[in-house]
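Down below is the structure, laid out as structure tokens.
When the chains are written out, they are named A, B, C and D in that same order, and each has its own residue count from 1.
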Amino acid sequence: MSALYIVAFITVLVFFGLMLGVAFILRRREAPRLREIPAFKRLHRAIGLAVEDGSRLHISLGRGQMLSRQSAIGYVGLSILDRIGRSTSISDRPPVATSGEGSLGILSQDSQRAAAKYLGVESDPMWGRVTGLTPLSYAAGTLSFIEEEEIGANLLIGSFGNEVALITDAAERKEGITLGGTDNLTGQAVMFAAAQEPLIGEETYAGGAYLGAGRMHTASLYAQDILRWVLIGLILIGALLKLFGVL
Amino acid sequence: MGWADWIGTLLGFVLTLLVFSYLVADNQLFRITLHLFIGVSAGFAASVVIHNVILARMLEPIYAGERSEQILALVPIILAGLMFTKISPRYAFIGNLPMAYIVGVSAAAAIGGAVLGTLIPQTLASMNMFDVQASQAFDADLGLRLINGIIILVGTLSTLAYFQFSSVSKSSEKSQLQTWIDGLGQIGQVFVAITFGFLFAGVFSAALTALIGRAVFAVDFIRSLAGLFF
Amino acid sequence: MKNPIYAAVAIGVGLVVLVGYFLQIDLLVNLRIILLNWATILIAVALLVGVVNLFTVHWRKLSTDQPDKINSIALLVGLTITLAVSGWFGPTTPISLWIFNYIQIPVEASLMALLSVVLIYAGVRLLRRKPNLLTITFIATAVVILLMSGHLFGIDIPGLAALRIWIGKVPAVAGARGILLGVSLGIIAAGLRILMGADRPYGEN
Amino acid sequence: MDEIICPLCGKSNPIDNKYCDYCLAYLKPRETSEPVPDSDTNRGGLGGHSTGEQAPSWLKEIWGSNSSDEETPAERDLGLELPPADTSDWMPGSSAKESETQQAGSTVSPFLGGKESDDSDEIPAWLNDALIEEGVPEGQEAEDLESQPQYGEQDKASQTEKNAVRQGPGSLESAGPLAGLTGVLSAEPGIARIRKPKAYSTKIRISDSQLEHVKLLQSILEEEGQPKPLPEKSPISQQHVLRWSIALVLLISVFWSLIFSKGQIPLPIYDEGSAEVNRLINQLPENSRVLVGFDFEPGLASELDAAAYSVFDHLVSQGTLFTTISTTPTGPILAERFFQYILPNEKLIDGQDYVNLGYLPGGAAGLLNFIENPPGMMPYSIEGSSVWATETSEALPPVNGINEITDFEMIILLVDDPDIARIWVEQLSPYITDSQTLTSLVLVTSAQLEPIVRPYFESIPQSVNGLVVGLRGGSAYARLVGGEQLPGQFWDAFGVGTFVAALLILVGGLAYYVVPELSRTVRGQEKVE
């Protein structure tokens, strides 16, 4: 049991070291190109449009429980919100963030406030809203928010369950673009069918790197790629050792 | 059924119809119903939290606990007080401390959960499929189990490879390694699609059961209503 | 001017909890449990702050006389009455259960029921929107599983039931496991960025 | 050796050359029929010579330019021009240039297959402007064409002067005030340069077909300029029709099967998971303590009620005592509702048959703390009463003797969310897989969770000991233990609904893909995007 904990600790330390190492290398060398993900390509266009024609961008941060794995996707959503907020606040209609969890709502308001301060504009509490506090009431609140506001694009990055279909459907009724991803497996399955540009699994966590949120985001992506192959190798070797009864 | 239940059932029936009106088109009555529901669910969540956490776990130790418990209980009370300043944009900065605390703890909890809850157990599970000794003890058909194990292994690894972000080929044209990785990713895509298809069908089954539940409720209500007059 | 105290708090507390997860040292484990306890209380308090945010957003809509203020009235009435009733009498008392059974359950279950139509609609349009291998496999799997979930009017197509179970036990598990492993890598990276101070979602000024 | 100087280029050529080797000009004067004036001979032998014989014809023409329209061969070959006799204009050769352009026109005309038109009224103004903007102003063509011969003629003029000088003093002035004098330097070359500038057509010469194209282009441009009213957006789009059709078909099929079903279709036969749950419950001793996690949303209450109904009916019949907990805020209310309204038996008594610990905040972290120390993490029930044993009070029956999570005989989790299910299973896994532990973990889940939770049931050693998945699992369990009221009510409609859905997705999807009219909206929308 304790050996398992040690292995886990070493894994985290290795990941930590890899991220720092890659970040250090990226200071001097140009980062290798990342594979193209259509959703992020579309998002870049949507951000451009939001700045040009003043259409509103809606970023939905989900309703993931903090103090769980779900909080991580919330932080990814927040870093994307921050990045987009700083780039689109120059338009007369800055992005609006909706969330279905109390602390996420507070953090989204903080992020909006920071973006507004960075751009020297007045922040508005309405830019970061809690639209509901249970999964379906959150979906219902976001649904009516989309119906009431003039939204150009809806970016759904956070923890969503099957209720996300109601949000994407409302966006489609308003002929808005919906793109995004979630950590929740059923949410991913539904989003794959219902969203125009779905992000699958791990892709969602790469949002910061694809939007240029900072070197550490890119570094963590390369660290993930390295560990991915280490993991693949370990599983293969472990399976063979198990098969031959060595392990 | 008492009059309160009658009114309740009628209310439930009307609200059901108003929600279903969204199938025809989005309308004001539907939105009013949604907002009512959002308010009610928020009210319930708040009252449960007040009863279960604020009173029972935050304030109770102050009255009933020992000295050490009382001191420890003061910390979350202070942090909670600071957090409430987030309500006012002017004094929101005061609440940054508890938010930083929550973010730090939740980040650690996320890492701990991901490594101990998913990464290591799922990796071990992928290996254990080939644990011949254990399999022989439990499974008569070892051959079939191994074939399934190989399919799961290929599916797991190819799905994992599908998420590769950085390109291994330096130039614009693909290197042979990159072609291999892409090929593996293609296989992974198929497994991802099968998983999503299965989950999608499951989500639909759940939604359909909810629809049937509403239909049963409506049919029962109409039957009982008809029973009153005829 | 950024305030480093908040970053220091986030990183410090986070590292203590993280190490407390892995190293089974009594002091660290106890510290982790206490810190997590406080955090769970704060999360609950944050939910209340969220309720206040919901209330203020709609109160503001009401006071600024916006066209959809009837919605805000409905929300505020629902919230106030439920909070008052279940807060005063308790959330599991008969009167609270009456509100729950006859308002929350019908609306929420009906929304789930709407989902069934929305999902078929999405499924029908999917092939046109993304005609590729991924979509075809997705639709084929969904159709087979749906057919085999029900009773098929008592018709028994040999092998199809076994196929459903096999898909659920083998390829679907493989895909799910691959996704979960990838997601866990993403979670660790996102968490470490916070603990490095690279991402600071909390206000800093 | 004898040589002759070319009168044009001034280069020396062999005497017997007729043409200049360099510029192909005539080297020898032509024989002219111009009569020698009698006056020359009557002047009395002053070495007078006939101009027609001695002076080259080109020089003769320079002398007598005003009277001669005849071109020399050199002029013919090199295109040199002489000013027309009648012109008072200083610009030379306009008539010649016009004829040249006329000629060009006539060569273009048959090729274009239409008569020429130089009517500028038919050419839109913008095209003229465009031409001007493009650096082709009126008369520009004329200037360009004129400039070239001018340089040529300047050269030729200097040559002519040279040749005139070479002719020596013997040459006799035949015109003007100096007539009769010899060795007069001719002023003609200089004067001869002053010519009337050629007049060029400033009109664009285009054919009918070109004109047609121009008119077409003009009309297109004019149409572009006209504001067009946006097409009226139809209130009923293809999307609406598709949504309505799907909703109608699904609702009709579900209501039809509910109203007219005879309940002839049997419930599904049990599977491995539900059979294992049945075995585990049968093994439970009387008054065994079971922890139940109510972790689903009210929206899925119908499914979870139907799935759990028979399982709990079975447990109640075994005299089980329940302790409930939830990681979602609405969970405690769902638990209360389930025990008070859903179960068929007479109502269970709160605090005696079951205890509701309420809401456990903090997700995975909170759950981990609860699993490690249940009494410490959840000391009170949702009503706020003390639950566990203290110095002053005894523990409530459902938690009597419970100090650790493994003191419960069974843990049942009612869940609809994959993350919550995984959190529960992963946190409990170390205890459940421990061979010393007698506690079993049973999952009653929504149908959407099957591929996520099944591996835990299939794994060796098992992290999950029993599994009831969705309505199908609940119906199978109901068939196993008897108690088919609730699942039986749903099963017929469920079968019809899933069949109709599969058909709609398959047939509708293909039709939507194949028939373009149906998908117009999508394409339009994609264009918008």
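FYI, a contact is a pair of C-beta atoms (placed from the backbone, for glycine too) under 8 Å apart; a residue touches a chain by one contact, two chains touch by 3 or more.
Bear in mind that the values here come from a model prediction, so they are computed numbers and not experimental data.
Asks: Could you name all chains that are in contact with chain C and with chain D at the same time?
Replies: Per touch definition, common to chain C and chain D: A, B.
Asks: Among all other chains, pick the one whose mean CA position is farthest from the mean CA position of chain B.
Replies: Looking at centroid distances, D is the chain farthest away.
Asks: If you average the C-alpha positions per chain, which one ends up nearest the average over all of them?
Replies: It is chain A that sits nearest the middle.
Asks: If you tally C-beta pairs in contact for every chain pair, which pair wins? Let me know.
Replies: Comparing chain pairs, contacts are most numerous for B-C.
Asks: Whole-Å distance, chain B centre to chain D centre, using C-alpha means?
Replies: Taking the average C-alpha coordinate of chain B and of chain D, the gap between them is 36 Å.
Asks: Need the CA-centroid distance for the pair chain A / chain D, whole Å please.
Replies: 25
Asks: Hey, how far is the Cα centre of chain A from the one of chain B, in Å?
Replies: Here the centre of chain B sits 16 Å away from the centre of chain A.
Asks: Determine the centre-to-centre distance between chain A and chain C, using the mean Cα coordinates as centres, and give it in whole Å.
Replies: Centres of chain A and chain C (C-alpha means) sit 14 Å apart.
Asks: What are the residue numbers in chain D that touch two or more other chains?
Replies: Answer for chain D, listing residues that touch two or more other chains: 243, 247, 250, 297-302, 329-330, 332-333, 361-366, 382-383, 416, 423, 447-452, 455, 470, 472, 494, 497-498, 501.
Asks: Among the residues of chain A, which ones contact at least 2 other chains?
Replies: 5, 8, 12, 65-70, 72, 75, 103, 106-107, 109-110, 113, 125, 131-134, 136-137, 140-141, 144, 148, 162-163, 165, 173, 183, 185-186, 188, 190, 192-193, 196, 200-202, 206, 221, 224, 228, 231
Asks: If I count partner chains per residue in chain B, which residues reach a count of at least 2?
Replies: Touching at least two other chains: 23, 31, 34-35, 37-38, 41-42, 44-46, 48-49, 51-53, 57, 83, 86, 92, 95-96, 99, 102-103, 105-107, 109-111, 113-119, 123, 125-126, 128, 131, 153, 156-157, 160, 163, 192, 195-208, 210-211, 213-214.
Asks: Graph of touching chains, which shape: line, ring, star, complete, other?
Replies: Topology of the interface graph: complete, with all chain pairs in contact.
Asks: Using the touch definition from the top, list the residues of chain C that touch chain B in their complex.
Replies: Going through chain C, the ones touching chain B are 3, 5-7, 9-18, 21-22, 34-49, 51-54, 56, 58, 68, 70-72, 74-83, 86-87, 90-91, 96, 98-117, 119-120, 123, 133-135, 137-142, 145-146, 149, 167-185, 187-188, 190-192, 194-195, 201-205.
Asks: Under the definition above, what is the set of chain B residues touching chain D in their complex?
Replies: Per the stated touch rule, the residues are 23-25, 41, 44-45, 48-49, 51-53, 55-57, 60, 105-106, 109, 113, 116-118, 121, 125, 128, 131, 134-135, 138, 195, 198-199, 201-206, 208-216, 219.
Asks: Mind listing the chain C positions that touch chain D in their complex?
Replies: Residues 33, 36-37, 39-41, 43-44, 47, 90-92, 96-97, 100-101, 104-105, 108-109, 111-112, 116-117, 120-121, 123-129, 131, 139, 142-143, 146-147, 149-154, 165, 168-169, 172-173, 176-177 of chain C touch chain D in their complex.
Asks: Taking the complex as given, what residues does chain B use to touch chain C?
Replies: Interface residues on the chain B side: 4, 7-9, 11-13, 15-16, 19-20, 22-23, 28, 31-54, 57-58, 72, 75-76, 79-80, 83-84, 86-87, 92-93, 95-116, 118-119, 122-123, 125-126, 148, 151-160, 162-163, 186, 188-208, 210-211, 213-214, 217.
Asks: Can you check the complex and tell me which residues of chain A touch chain D?
Replies: 1, 42, 65-70, 133-136, 159, 161-163, 172-173, 175, 177, 183-186, 196
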